[in-house]
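Sharing a structure with you now.
Per-chain residue numbering starts at 1, and chain names A, B, C, D and E are given in the order in which the chains are listed.
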Amino acid sequence: EAASPEGDTLTVAISQPVDTLNPFLAQLLISTSIHKAVYEPLVAYDAETNEPTGAVAESWETSEDGLTWTFTIREGMTWSDGEPVTAEDPAFTYNAMMEDEEAATANGNAVANFETVTAVDDSTLRIELEEPQATMLSLDAPIVPEHVWSGVDDFGDFTNEDFPIVGSGPFTITGHEPNQSITLEANPDYWRGAPEFENLVFRYFADKDAEVEALRKGEVSMVAGLTPAQADSLEGQEGISVNNATGKRFQGFTINPGAETQDGEEFGDGHPALEDKTLRQAIMRAIDKDELVEKVYGGYAEPAEGYIPARYDRYYWEPSEEERLDFDVDAANEMLDEAGYKEGDDGIRVSPDGDRLELRMHVHNDRPDYVAMGKIFVERLADIGIEVDNQTVDPGVLSDALYDAEYDLIWTGWSVNPDPDYVLGIHTCDALPEEPGTMRGDAYFCDEQYDELYDKQLAAWDDPDQRAEYVKDMQQILYEEAVVNVVTYANTMEAYRSDQISSTQVQPDPGGNLFGQDGHWSFSTAVPAEGGQGGGSLSGGMIAGIAGAVVVVAGAIGFLVWRRRTATAEDRE
Amino acid sequence: MSAPAPSRRALLWARRRAAWGEFARTYAQNRAGLFGLAALAAAALTALCAPLFIDAGELAVTGGPGGRFEPPSGEFWLGTDAFGRSVLAMVLWGARISLTVGFLAAFVSVALGTVIGIIAGHFGGWPSDVLMRVTDWFLVLPSLVVAVALAAVLERSTLTIIVAIGVTAWPATARVVRAQTLSVEARPFIERARALGGGHLHVMKRHVLPNVMPVVLAQTTLLVAEAIVMESTLSFLGLGDPSTISWGGILQDARSAGAISSGIWWYMVPPGLAIALVALSFTLCGRALEGVFNPRLRERR
Amino acid sequence: MSTDDGARVPDGARAPDGPQGTGAEPLLRVEDLRVDYRTAGGRVPAVRGVSFTLEAGSKLGVAGESGCGKSTVALALLRLLPKSARVGGSVLLEGEDVTAMRWGRLRAVRWAGASIVFQGAMHALNAVRRVGDQIAEPMLLHGTVPPGRTGARVGELLESVGLPRWRARSYPHELSGGQRQRVMIAMALACEPRLIIADEPTTALDVMVQAQILRLIDDLVAGSGIGLVMISHDLSVLADTCDRLAVMYAGRVVEEGPAAEVVAAARHPYAAALSAAFPRVGDPGSRMAPRGLPGDPPDPAALPEGCSFRPRCAVAEERCAATDPDLWSAGDGGRRAACVKVLEEAV
Amino acid sequence: MTAELQRSAPQDGPEGAADGARAQGEPLLSASGLSVEFTGRGGRGTARAVDGVDLDLHAGEILALVGESGCGKTTLARTLLGLERPTAGRVLFEGRPLAYGARALKGYRHRVQLVQQDPAGSLNPRHTVYDAVAEGLRIHEGATADEERRVADALSRAGLRPPERFYLRYPHELSGGQRQRVVIAGALVLEPEALVADEPVASLDASVRGEILRLLLDLRADLGLSALVVTHDLGMAWNIADRVAVMYLGRVVEAGPVEEVLAEPRHPYTQALMSVLPESGAQEPQVLAGEPPDPTRIPGGCRFHARCPVLASGEAERAGVADACRTQDPGVLSGSGPARVACHYAALGRAGD
Amino acid sequence: MTRPATAAAAPPEEPGAPGPGTAPGGPSRAARVLRYLGGRLLTAAVSLLAVMVTSFFLFRILPGDPVRAMTEGREVSVEQLEELRAQFGLDKPLWQQFADYCVGLLRFDFGTSYQYRVPVAELIAERIGPTVLLAGTGTVVAALLGLVLGTRAAWRRGSAGDRATTAVALTLWSVPSFWLGLLLIVVLASGAGWLPGLFPTSGMSTPGVEGGFDSAVDVAHHMVLPVATMVAVVYAQYLLIMRSSVLDEMGADYLTTARAKGLRDSLVLRRHAVPNALLPTVTLIFLNLGRVMGGVILIETVFAWPGLGSLFYSGLRVPDLPLVQALFVLFASAVIIMNLLADLVYPLLDPRVRT
């Protein structure tokens, strides 16, 4: 039967090799996930509610003007090597990120607005801001131990591979086989209490199917990022639980409305007709979101309207009946007819300015769901007389097209954090490029009203409900402008061996995910199943495999010998 | 032409027919070759006639007649894919692209390789050195890598795949053709042609080319097999043309859907088998041709 | 294998009588040897009933044009023919039938009893092994020389064929054609066989080298009691070297007899034409008058009815189409010829 | 050209061809001081394959070039056709030096033809007999209306009759003798003035050889064709040649009318060659020791001295020429004229006569 | 797995027709050997140089900005992008980048990986072991299997065994390697039906298994499927080459000589036919040894084998220019070096080439 390496080991399949164990440099999701289990942040997101909750900081206070934040460091917290955690540690970490460009590589954004960070005393940390910001409590950058890191001269060169790596989280890293696995051990002194699993292993797989097969065999305990088909086939399997989480990501496409720099210089070669909002809206109306949910996600997704996924109900927005741009081909055709888009001889419409509606569509080739949606899109847009040139390309080609504004439609999607500031920020006019090719958003969107609302929500750091209102209004603008078009919130599907893990924590709860949490909850709270499978280093599968190999080899030798015998018997020449 | 001319032409035709008959008879003695030929004929016929018995509309992602991942049934012999399209229909249809790519890519590379090989072999001296250096240089480049890079740079289309394969596969042909050219050039009839006053072009066209043709032909068939596998590899790596249906493309779809680990074998196995079968058929034909053209391989003590 | 026996007349003449029919078993007695090759185009009768005997110490030459079956006969003597060949008749080597031997016995007889010198020594020697090793190989295999002595023996053999000892360390390609042929001969002598079969040992060699090799063979065989079967298409060479001569045509021996007599006064028209094709320098008769045989050599897969030489025969008659004559006795010294005219004369 | 050919064609029979008068006058094709060197690849030395040869071929004459393997016969023949460039000396055709421009060579090759040793190899296996014979015509004259007639003509002249039966055969469907006839027909179709035949019958069966040689004689009689026939077979020279040149290690060492040279060879090398002829009868064969000579290492003095039986037996010593043999090159023989020999000893003998 | 066309396995340049030999140890022999060696080395060096240049420019034409690709989907500012770009030296003009690259190569400094932030040389050193292990084992097994089966098939040409062997080999050869690998994972690793999962699905070792013997067994266990995939797809060409070269030798006169000497069939094969037939095959094996390095990309990817192939594949997607450049040079130089070795080994095997 299923055999895990050790009964008290939680093995997680990962599909991406770790880039680096240096938390100042690590950028890949897998690395940051591991770091979350190793380094406690100042403030964490709560497992159930996604609300900020204390980690290294026990509590915090804000000055009236919102420019000075004072954090109280948790009492009695220690690093895994026994040293106490003091305010010096976060102060060192943030200062490093502020002063050293290399150290700013991964999380520099978090401190971009910091003026000073000081450790007032061992238990008090003070942060002075340049501007007030609503995101002060999403400070989940890893805090590193000063006593270890103060000796590091070059943050860019330091690999952080002196095992065990000193941390403050529920686990400590004890080993790293590049491109194979990362092993962690439980930190018995973790302030929330030691995790139940003694070992946590992240094992690298290059292939999704191999991961699932390994899960079936019990080689790994947890697999994330299942395809709908895989989820379906694992559903109901004995010893396996499938976790179908509501999406943290939205999927959609952006339309090039005519790219401009911040100074208003036009560039790129987007289709001119797309400057017309009517056309953009008509395109939206030609899309059957239910069809996408069904065909692309096998039902494991929600048709989407607003920009913030439904799992964040504080910010979730839906259009009203009259605002809705629902699937209706006739309506879409009517809109176009009225707006003067006449059908040409070949059935393709021509804009009032005489441009044939032939649009390029760029799709990431390494995202199967976008590829599938792209294919459907091509056929749907044909229904309203628009020809789409499907360019399913490497990410590099796609981003070139995006940054040079040499595109018409691009499929995209963002993973949305509990705090929506960043994803909203990329659609402000500020995000437009200063000169062609340097934009930081993913659409050339610029709307004054939207920008006003953005500033307002940022300033409303002390009034969450008011802030949510602003955020919803912003989403309405996005929806109506139809430049950034959200079509689905795809579920996150994961599976784990319920015969190895009896329970674990999703985030948010309920409906949340296990892997890639804003925190370490799924790992630190996982409980081993009773009577976990033991087994020495030679697992049952291995023994069977060796036996099989021996049989095959013996058979082959026997065959050859037999052949030889018969051959000599009739030794002809 | 004078009076006996037509009779000579008629005779010539008779001879050609007889030669073909002879060729066919020799070929027919190779059972594997016959099998390959039959399989190829079937594949080619399928590719040509696919539009007759498959409704292109049913191959549209929005027009799939079945449900999502239906297992094989009376209606869908090989089940359906994520869009409810019949996998059988897709595999049959995929023969069009795969065979086209295979043939054209092989043609491109064989044409390149043959021209370069003959020139290098015929002229010798520094032109040969230069050409062979270039060939060697191409030969050491990891072809998959170069093909991947080319396919990534150029616009995503079937033509790209053809070019990528064609450009990376020719050096082998060039070497083979050059070797063959050298051996042909060493034969006395080349000297006779020169002694008769024939120039370079005459020798290359009338003597070398016909004599390297068998090798080239056999090489082509073998290369087609290679090109088909290469096409599937590139498509599998996501470098194919998404708007067409090819075997490699189906495999990639199947893989990205996680078909293998989901027990949806009917999505994964048929295109792979189709690739293997067609590649095998070409290889068998190529070997049979080699055998026909090179009697030494055929009958040996 | 009684394929075309019916057409033959008369039966009795086929028996291998002749002068060799003394009491003691000759070194080599070949009786009605027949070899068919199975090919894609059907059966090719390459040898169609060849009989001859060879006494120890004597030299038999086999002549004939290309494709008449000379090499096939040579290979058949040691059962070295490819699988596609079917052999009939018998080959008695010192009274023992080679065609019926068990494999083990056959291997023992090969080289130790009878060895072969092949035509193209470049190809008959293994290009990647030193010639010394190749000469030593049969000695070790047959245990005729104790392992420690092979080196010395190889040296002796090389010297006996006129090559320095150090040549044992050479590879075949380092030797000239004549030298290679010498190595072949040394190798043939390695196990001191009773019979040596030389299949065109000098073809493709230069005149001067050819003379050297022929002389060498002559010297080595003379007085040693070794029997020699020498095959060549060059009648003049055979006439010079051999005691007796057999001329083959289309898989048959058409004339046999003492070498000098066969060349000087052939009884069979083919043998006569063949010997006329080798002009004698200084003979005014052949000055500005090359002589040859019109027509093309026969295709063994499609032999004509009757006498196979008939289409090219200047003196063919109607009855030649009906009979394929066997070897008749045609004079003294055991001369035999396969022509109806010879029978007439004899009668 | 045909007319010219006709004019120069001697109408007498083969016997008359041996007439000494033929050797007079301007030679048709000649080599003058011809040397050909091959620079060895991979560090091997330079091979002086042809090392100073004067040789004249007169109109209507058959000249045999004999010598052992590797002495440079083929190289000489190829050089005469311009297939190899001489490193020294010249090839003269009708008294004019051969030009090596593409066009000039093409014109030359219209008039002088090569027949190679191996008839199987010198026919393209993928061309029919018709194509093979017509190839020369097509190269030189393009598609002509009377192509077929001329091909038929050439084939029947070469003894393949009726020609139509052979048109569409492939080389592998012919016997060796027939193939050689096709090659000869291919040469004849251009109505050449001279034929250079490199061992034309070496690979043929003895019985077939005679027929091909007779063909050469017939052609000479009918068309007045001159021929340089390369061979290693003295018997063949006796069979058909008017004159013979014996070559040794890149040099002609003895030359002259066949009857004179072969009946009474004067160069020790020729004598040795004669003696090893199998049918030479009474004469005790003088088998030269050692290997065929190596053109990369041509000995000084008389190039034959190392193997020379006369020198070895001490006879030369007695005649007092041994030193000259070892140190003095006997020089290049002139291209035509009566029998000559490049040997110090033989020269002595003559002087003593 | 890339497959060189079968016929590409021609032996190295025909040696000039060897003339009659001279006594060994002639004065010019050493010089000739040196010249031969020198020539080959020079050729190899020129090829290497060409490859280095190619490598730089080939990947520069890859679309996409590595910095953008790396930061895609994350919250980055323009300044950060610029900073990264400067760090990578991507802000310099192309010629200067090229010059830096060349200077770096001379010092065996391949730069720092964009993705991993470690010197590329270090990464390669880390991963080259597994690749050599996998590719080496695969090639050795495939070559042995091919040679043995090819020889047997040729020796019994036309028999049922021959036909079966050839048919199986050709069929496996026609199968795309990634597909075969995936099927093997499903059937042999996860188990299908009654078949238990015999082998690990992927990777090179089980985390936590330690100790010399245990981990050796563990690695061997992990290696079975990738090696099997590789061997299955590759061995056919060895088999076919060996088969046809043995067939080529079969009619040769020296074999008849050997048989005439009274050698047993198997000895004739072993002592005479195989050594001669091996010559063309050895060249192919060497060529392939070089090529498999690049060829294992697919297999390493499918089986998550922590080698250079998967490293390369991951680097290509970014594109991690220093990494892919260096690997490309490495892959190509493997071929060059193996070619060189083949050129050097060939004379040892074939005395005809020696002089």
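Please note the rule applied: a residue touches a chain if its C-beta (ideal position, glycine included) is under 8 Å from a C-beta of that chain, and two chains touch if they have at least 3 such contacts.
In UniProt terms, the chains line up like this: B, E = ABC transporter permease; D = ABC transporter ATP-binding protein.
Bear in mind the structure is a predicted one, so any value in this text is a computation, not a measurement.
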item	value
Co-neighbours of subunit E and subunit D - touch as defined	B, C
Most distant chain from subunit C by Cα centroid	A
Between subunit B and subunit D, centroid-to-centroid distance (C-alpha), Å	50
CA centroid of subunit A to CA centroid of subunit E, Å	37
Subunit A-subunit D separation of Cα centroids, rounded to whole Å	88
Contacts with 2+ other chains: residues of subunit C	80, 83, 176, 179
Residues of subunit D whose C-beta touches two or more other chains	291
Overlap residues in subunit A, where contacts from two or more other chains coincide	209-211, 213, 216, 366, 393-394, 396-397, 571-573
Touch list for subunit A against partner subunit E, complex	5-6, 9, 11, 17, 19-20, 22, 25, 27, 101-102, 104-105, 108-109, 112, 156-157, 159, 175, 177-181, 183, 199, 201, 203-207, 209-211, 213-214, 216-217, 219, 366, 393-400, 403, 414-415, 422, 434, 438, 440, 537-539, 541-542, 544-546, 548-549, 563, 567-568, 571-573
List of subunit C residues in touch with subunit E within their complex	75, 78, 80, 106-112, 115-116, 118-120, 123-129, 137-138, 141-142, 166, 169-171, 173-177, 179, 187
Subunit E-facing residues of subunit B, complex	32, 133, 136-137, 139-146, 148-149, 152-153, 169, 171-173, 175-176, 179, 182, 215, 218-219, 222-223, 225-226, 229, 232-233, 236, 248, 251, 255, 260-261, 265, 268-269, 272, 275-277, 279-280, 283-284, 287, 296-297, 300-301
Subunit D-touching residues of subunit B, taken from the complex the two chains share	1-2, 4-5, 8, 11-12, 15, 187-189, 191-199, 202, 206-207, 210-211
In the complex, subunit D residues that touch subunit B	78, 81, 83, 102, 105-106, 109-110, 113-114, 116-118, 121-128, 130, 135-136, 139-140, 145-146, 148-149, 164, 167-168, 183, 186, 190
